[in-house]
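Handing you a structure now.
The chains carry the letters A, B, C, D, E and F, assigned in the order they are written, with residues numbered from 1 in each.
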Amino acid sequence: MSFSNPVEYHDAAPEVQAVYDDIKCTRNVEDVNNFWKYLAHHPATLSRTWQSLKEVMAPGALDPLLKELVYVAVSVTNNCAYCVASHSAAARRLGMSDEMFGELIAVVGMANETNRLANGYRVPIDAALQDSF
Amino acid sequence: MSFSNPVEYHDAAPEVQAVYDDIKCTRNVEDVNNFWKYLAHHPATLSRTWQSLKEVMAPGALDPLLKELVYVAVSVTNNCAYCVASHSAAARRLGMSDEMFGELIAVVGMANETNRLANGYRVPIDAALQDSF
Amino acid sequence: MSFSNPVEYHDAAPEVQAVYDDIKCTRNVEDVNNFWKYLAHHPATLSRTWQSLKEVMAPGALDPLLKELVYVAVSVTNNCAYCVASHSAAARRLGMSDEMFGELIAVVGMANETNRLANGYRVPIDAALQDSF
Amino acid sequence: MSFSNPVEYHDAAPEVQAVYDDIKCTRNVEDVNNFWKYLAHHPATLSRTWQSLKEVMAPGALDPLLKELVYVAVSVTNNCAYCVASHSAAARRLGMSDEMFGELIAVVGMANETNRLANGYRVPIDAALQDSF
Amino acid sequence: MSFSNPVEYHDAAPEVQAVYDDIKCTRNVEDVNNFWKYLAHHPATLSRTWQSLKEVMAPGALDPLLKELVYVAVSVTNNCAYCVASHSAAARRLGMSDEMFGELIAVVGMANETNRLANGYRVPIDAALQDSF
Amino acid sequence: MSFSNPVEYHDAAPEVQAVYDDIKCTRNVEDVNNFWKYLAHHPATLSRTWQSLKEVMAPGALDPLLKELVYVAVSVTNNCAYCVASHSAAARRLGMSDEMFGELIAVVGMANETNRLANGYRVPIDAALQDSF
């Protein structure tokens, strides 16, 4: 089996089909993204990743849109083109507007800049910040 | 002048004092953090960074707490200890609860994991995702 | 000379050809990969990198397959698509199975996740860990 | 509850104690590391991370020592000091010698270097590498 | 409006056109790069980024070519393909030779390697280095 | 032998002493930095790294100060505290002024920011940039 191709539903083992079905049902989509079809080359990773993601991205103290925006922020920082595309699309579906996206990327850019300013000047942590955690 | 020490208000040039005053006034704090006191070694960077940050972090389509959570997410991803401390504290002041922090870090962790799963399996971007941007 | 094209053997200076010959002989391959054909634009870098890599990747306390797996792990973490492709192929040639690749990527994913959990919670190093190094 | 302190066993909720017990039993250790005692501030993350790690690091097509070496490689690349310390110690317990550690770090260093050489020269993926995946 | 396409001059709002005009005039170019045409989807980011970049990249204690070489070094380290392409081209225009590019990438590669050697061996900062900052 | 301590000259093997001597002679310093005293735990890495660094950092098409500034830029981007300290000190010795350091860090910050803006907006490489490489 080549890793160059996605594992499509009709070629998948029953345990993989079960994960695909749960993704489609949970997200109310017709088909799963390529991400899942490639993870399916290692069914244990597919299953574990989906269970973890379903748990972590569920509504809680933070709402699902905010979680997708954070996902985009991390993916942009790490330069994962696939992840930027898929999580930007997910955020759109949950209501991200053009203006929200623009402000998000601006914050991500500034954070990446000031992270390096702090590194460059070797800024020591303020006692007050240390204590407040 | 040594870069090992913060530039305190009473030792600062008037242009630096003016930025400190604006930070204290805008944020309603008694003193500025070490971050600003070290940037003050290069006044042009201090001034430009503060103007940019004030503009980017202002309320807009995204609220200030959400922006601070994104800042924490990027800083954790980049492992900037100073920035994690200062922006976690800022998020606390804006209302971040323990549960919100816990969920935030969980999302950041998952995003860093799945970014690498996508890299490892070299997942091609779905046509549908490409078009939706 | 344009950097957009690989330096092919017949166009290469003798010092570059000598490195190509040593790579082909050491690895028992017909031709060298694009990586070397682009480094050849700076012969000193080509020569130094090949000498270093030959020394570092040789059998020692760690066997060559293990070293290639580590190479893939770093390349996936840094999102170097070329390096993921070339070192995954090298690992395959040395015996990496599909199951080994799947487990490797799973470990890489988890490590990238828990690295950020440790950053986010600012976990101090245990005294026992400090001493054992 | 402050996030600045570890959650010790006697202060922990039963669900946290159960995870601590499972870690101690699985790894045959007297106490759990700080990593777990800080994750315990968010019990869902503690439980999920431990379950995932136990599954991913178990013996399989790759042996546990190799998996710990990969963990060290990723942690060194990301500069997570806590993770370098804890996974180096884990690798030591599983049999990593001084010479193995030295060779591991050498490979990690070279991979981080050649990842950037590939980026800098924008090396295109060889057709043969593309096909072999 | 789709983010998949650049904002061309004739479709741009007056505030965006004004930034494009200033870039073209400052750099003496016929048209602006895609980078600016995509930032234009969020005019506040376009304007702020251009003002900052114009200030930071201006001749000062460091000359413009040196600043572009540093920009290439950071972009190669972060694996931003767009930025490597655009800042390598800018450096070429300012006089970067093939040999300078080759040496630059060699330094970037070594720095990325030794950064990880320092992490792996957890090298403590020498007292003399600490004091000299 | 513990990796927690530096390898001092009087405890070092002759091959390690020879490298220390060459570093001290080449750089005209009384003692070598901790970086070398920790690499000495793996003499092959010590020797290879020193030979490579000596070659790469030598005067060439780029002068030694410029190379040290690039080293600082990469180290700040990767957040290697040891490397920022040691290469900032090296740059100081070669003539870096406070103003040069300030401008350097400003460029590094901007590059890290715009790298992420390019990622976030998924900016395609301009045809003209592609061709000019």
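Quick notes
Throughout what follows, contacts are C-beta pairs under 8 Å (C-beta built on N, C-alpha and C of every residue); 3 or more make two chains touch, one makes a residue touch a chain.
Model, not experiment: these values are computed from the prediction.
Farthest from subunit D, judged by the mean position of CA atoms in each chain, is E. Interface residue usage between subunit A and subunit F, two copies of one sequence, is largely shared: over half of the residue numbers at the contact are used by both copies.
One of A-F, C-E or A-B repeats the interface of A-E: more than half of the contact pairs, counted by residue number, are shared by C-E.
Across the assembly, the mean Cα position most removed from that of subunit F is the one of A. Separating the centre of subunit B from that of subunit E, both taken as means of CA atoms, is a distance of 21 Å.
Distance between chain centres (mean CA atoms), subunit D to subunit F: 27 Å. Put simply, the C-alpha centre of subunit B and that of subunit C have 34 angstrom between them. Within subunit D, contacts with two or more other chains are made by residues 3, 41, 44-45, 48-49, 52, 56, 77-81, 85, 99, 102-106, 108-110, 112-115, 117, 119, 121-122, 130, 133. Taken together, the touching pairs cover every possible pairing of the chains. Against subunit F, the residues of subunit C that register as touching in their complex are 2-4, 44, 48, 52, 55-56, 130-131, 133.
The residues of subunit A lying in touch with subunit E in their complex are 79, 98-99, 101-103, 105-106, 109, 122.
Taken together, the subunit F residues at the contact with subunit E in this complex read 3, 33-35, 38-39, 41, 45, 49, 52-53, 56-57, 60-62, 66-67, 69-71, 73-75, 77-78, 80-83, 85-89, 92, 97, 99-100, 102-104, 106-108, 110-115, 117-119, 121-126, 129-130, 132-133. Contact residues on subunit A toward subunit C in their complex (touch as defined above): 1, 3, 41-42, 44-45, 48-49, 78-80, 133. Of all the residues in subunit F, the ones that touch subunit A in their complex are 72, 76-77, 79, 81, 84-85, 104-105, 108-110, 112-117, 119-122.
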